[in-house]
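One structure follows; several queries about it will come next.
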Amino acid sequence: MLSSAKAKMVARMIARAAKDIEPGMVVNLGIGLPTQVIEHLPADIPICLHSENGITGIGSALSMDKADRNLIDAGGAYVSPVPGTCYMDSSVSFALVRGGRLDMTMLGAFEVAMNGDLANWKIPGRFTPGAGGGMELAQKAKKVIVLTMHQDRKGRSKIVRKCTLPITAYGCVSRIFTDMAVLDVTPDGLVLREMAKGLSVDEIVKATDAPLIIPANDMPFF
Amino acid sequence: MLSSAKAKMVARMIARAAKDIEPGMVVNLGIGLPTQVIEHLPADIPICLHSENGITGIGSALSMDKADRNLIDAGGAYVSPVPGTCYMDSSVSFALVRGGRLDMTMLGAFEVAMNGDLANWKIPGRFTPGAGGGMELAQKAKKVIVLTMHQDRKGRSKIVRKCTLPITAYGCVSRIFTDMAVLDVTPDGLVLREMAKGLSVDEIVKATDAPLIIPANDMPFF
Amino acid sequence: MKLPNKTTIIDKAIVQIPDGATVMLGGFGVPGTPFTLIEELVQHGAKNLTIIKNDANETGMGVDHLLENGQVKKLVSTHIGLNTHAVDLMNSGKIEVEFCPQGILAERIRAGGAGLQGILTDIAIGTDLQDGKSRVEIKGKICIVEPALRADFALLHADTADHFGNLAYVATARNFNPLMAMAAETVIAETEHLVPVGALNPNHIHTPGPFVDQVVLLEKLSEAYNVVQR
Amino acid sequence: MKLPNKTTIIDKAIVQIPDGATVMLGGFGVPGTPFTLIEELVQHGAKNLTIIKNDANETGMGVDHLLENGQVKKLVSTHIGLNTHAVDLMNSGKIEVEFCPQGILAERIRAGGAGLQGILTDIAIGTDLQDGKSRVEIKGKICIVEPALRADFALLHADTADHFGNLAYVATARNFNPLMAMAAETVIAETEHLVPVGALNPNHIHTPGPFVDQVVLLEKLSEAYNVVQR
């Protein structure tokens, strides 16, 4: 369990990430932290959520008593339809991803490198469940955003100079939301854009394996 | 226009060809003579007709006053649905053909060779409309049957030793129905199986460029 | 969560198509051909187009109006036999025609839509239609490499659309439409009926809305759809 | 013209599956998994099976019963993380597992169904999942050759079937079912509802009857379909 303070930072990270979703976008929210973004999307902005098991137009998660046994997202959660929902087979669902119709995906990460490399599918010798749809989402979504804790449970930075774990997709990530900061992947390296309330730039730099570029302007908090 | 006698022979050929369609088969009837086979299929035998523009389960042709503007076969004729008709897109329609679900196709021919080679799509310098779906039908249907006039308008045999026209598919034809005869393609060559009423074996042999094997048994008439 | 509204008016949709564009057109014969969008493209006048369509319609109809108006540089098709005008233009070298077996054209378009680079097939091996195509061996079998096809624009004809661009087709008017819907940068659908989002059963939609950019409601159906003896 | 009747009883359908067969199973998680046909396959006991399925269900459910019963030699899948038992069998070398990116597994199955020999893709280039796959250059781009997949049998779960084998799925229970329906020599579908031919709207059928060999009406729905907290 996260401490209460940590839990609040995570909740703020998720709320902040939700603001990056623009009107008209088609968005796939990965299992874990990204799925929670859905609860922060304003109802009046037109957004189409996609899940790779074959659905476009997803509403909120449903309680057990209201769930439809045939209607889940790729994480197995019971979800609700919206007016305009469409169901499709797995080949069409991934045609949407690989064919360039997915504007954004938000994914979890084991490691993200400063050049945008993403590792989130395999820890050799310990965790090899298969890549699922992750490689296609990471390689083909127009914008790949990572939502992750800044450090792992042992306090090691998940934002690294170079990934040590097997790669999901190369140079795919453009922005990283963590409980501590918002980081952009740029040709010059990682740029610190925003930081969690109560933190200092120094604390973030210390918690990060990869070097950070710190813009001269006042740093916004989230 | 065919002479009245010729027209009767053609009608008998078509009626005879219809008898080769077995209960339970999925069958594609090509444009021209093969399409007419549909009018000779008994209503009580379960047969599924396919047309490559995206339909399985086809009934009789419709008169203009009963036609549905959205319901045609691949030849452009208005057709009727049957109970159990299904519509599909062009990729699924040809998946059925190439994937091995088409039991039989009946096609027209410019030339059929004694080894089963079929030429029915191109006459260089004179007729180059494109192959349409013909190559896939000829190459992939489990059984390819040709319905053709035995000779062209100049009296030249369309049943040849070797095709001179560009090939549609190699060694694909197993049986040929003409206005004069029923011929089987066998490893030994073309075998005469049946002949049109009123003809002699000699007349058929003379009208045919390819050599014919004549079984010793009495030759049935159709 | 609500979904975006993609309805527009026809001239705004078609004016986007520039000279030199590659344009896919739905339809097999008459059904599913976007005759009204094609008419607007004739009015608009974009030149040097590469048209990808199963057939060339008939003389004096659909694609033939683009040919008559000199807007077509190249046609990628499976069979143009019902349009003698198109055959003449091809024979006299006034347009380039690339023929493809019908189901392979469908698969090449679908592959483009599915973000694949190509497909491997044994169709047409040894025939004139294999000319110029590379080969690869897979599990001991020689196959032709058929490259995926994509277009700048796809013009479709739907029976029913909702405001988000979910599309449903009827009968044999489906044909190439749902494949082309996946395979173009900009997808414009004309529709006979326009319904609010939520009115289509989500299990009965043939083209999911995210593939479609613009929806044009037809004020009247093209006369090309009249039932006539052909 | 009437269409053939393909309804049968479950034991007659499943007893056809011999030792060593390759069997595709529909479903993504619970929805669309043919739990009842799988149970019958467990009773039947065919061994050394190669199973092709998106996932391995969860421990104690669906595919896991085949694993428990020692019937599976190889699993072709995209993600088996919800079944720790399957992961253990893989790690201890008791079953072979071939992983494939999810959409590429879908395309390989579909390619098999479409009578193609393979597809060309840039997915997974440079990752562990490209190992052992050949490459080909197309239009200057390096692609992985992904061979088509076919099976001896496909076991599907439909919401509604007619006697001819036309199938309709609901919601996210569609997933791999219509793809596998095209890709096996013998296709057996369990269905929640069986209706006479003609009762399904021909525009709303997801799998055309000619792809389906046998239809089994479910007497009761597997408890695996109960809505529970997972």
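Here the chain labels run A, B, C and D in written order, and each chain numbers its own residues starting at 1.
The working rule: a contact is a pair of C-beta atoms (placed from the backbone, for glycine too) under 8 Å apart; a residue touches a chain by one contact, two chains touch by 3 or more.
The model shown is predicted, which means the values in this text are computed figures rather than measured ones.
Chemist: Could you pull out the chain whose C-alpha mean position is farthest off from that of chain A?
Modeler: That would be chain B.
Chemist: Could you see whether A-C or B-C has the larger number of C-beta contact pairs?
Modeler: Higher contact count goes to B-C.
Chemist: Quick one: chain C and chain D, Cα centre-to-centre, how many Å?
Modeler: 32
Chemist: Take the average of all CA coordinates in chain A, do the same for chain B, and state the distance between these two points in whole angstrom.
Modeler: Roughly 58 Å separates the two chain centres.
Chemist: Using mean CA coordinates as chain centres, what's the chain A-chain C distance in Å?
Modeler: So the centre of chain A lies 36 Å away from the centre of chain C.
Chemist: If you average the Cα atoms of chain B and of chain C to get two centres, how far apart are those centres in Å?
Modeler: Result: the chain centres lie 30 Å from each other.
Chemist: What residues in chain D touch two or more of the other chains?
Modeler: Residue numbers touching two or more other chains: 107, 110, 114-116, 121-122, 170-171, 174, 202-203.
Chemist: What are the residues of chain A that contact at least two other chains?
Modeler: 81, 87-88, 91, 94-95, 97-98, 140
Chemist: Work through the pairs of chains, note which ones touch, and then classify the graph as line, ring, star, complete or other.
Modeler: The chain contacts form none of line, ring, star or complete graph.
Chemist: If I apply the definition of touch given earlier, which pairs of chains qualify?
Modeler: Final set of chain pairs in contact is A-C, A-D, B-C, B-D, C-D.
Chemist: Can you name the residues of chain D that touch chain C in the complex?
Modeler: 107, 111, 114-122, 134, 136, 138-139, 141, 143, 145, 147-148, 168-171, 174, 201-204
Chemist: Okay, in this complex, where on chain B does chain D touch?
Modeler: Residues of chain B touching chain D: 23-24, 26, 38, 41, 43-50, 56-59, 81-88, 91-92, 94-102, 140.
Chemist: How about chain C: which of its residues touch chain B in the complex?
Modeler: 28-32, 54, 77-82, 87, 90-91, 97, 99, 101-107, 110, 121-124, 126-129, 159, 170-179, 206, 225-230
Chemist: Show which residues of chain B lie in contact with chain C when the two form their complex.
Modeler: 51-55, 64, 67-74, 76, 78, 87-91, 93-95, 97-98, 122, 128-136, 139-140, 166-170
Chemist: In the complex, go through chain C and note every residue touching chain A.
Modeler: Touching chain A: residues 1-5, 110, 112-116, 162-164, 166, 182-183, 185, 196-198, 200, 202-203, 205, 208-211 of chain C.
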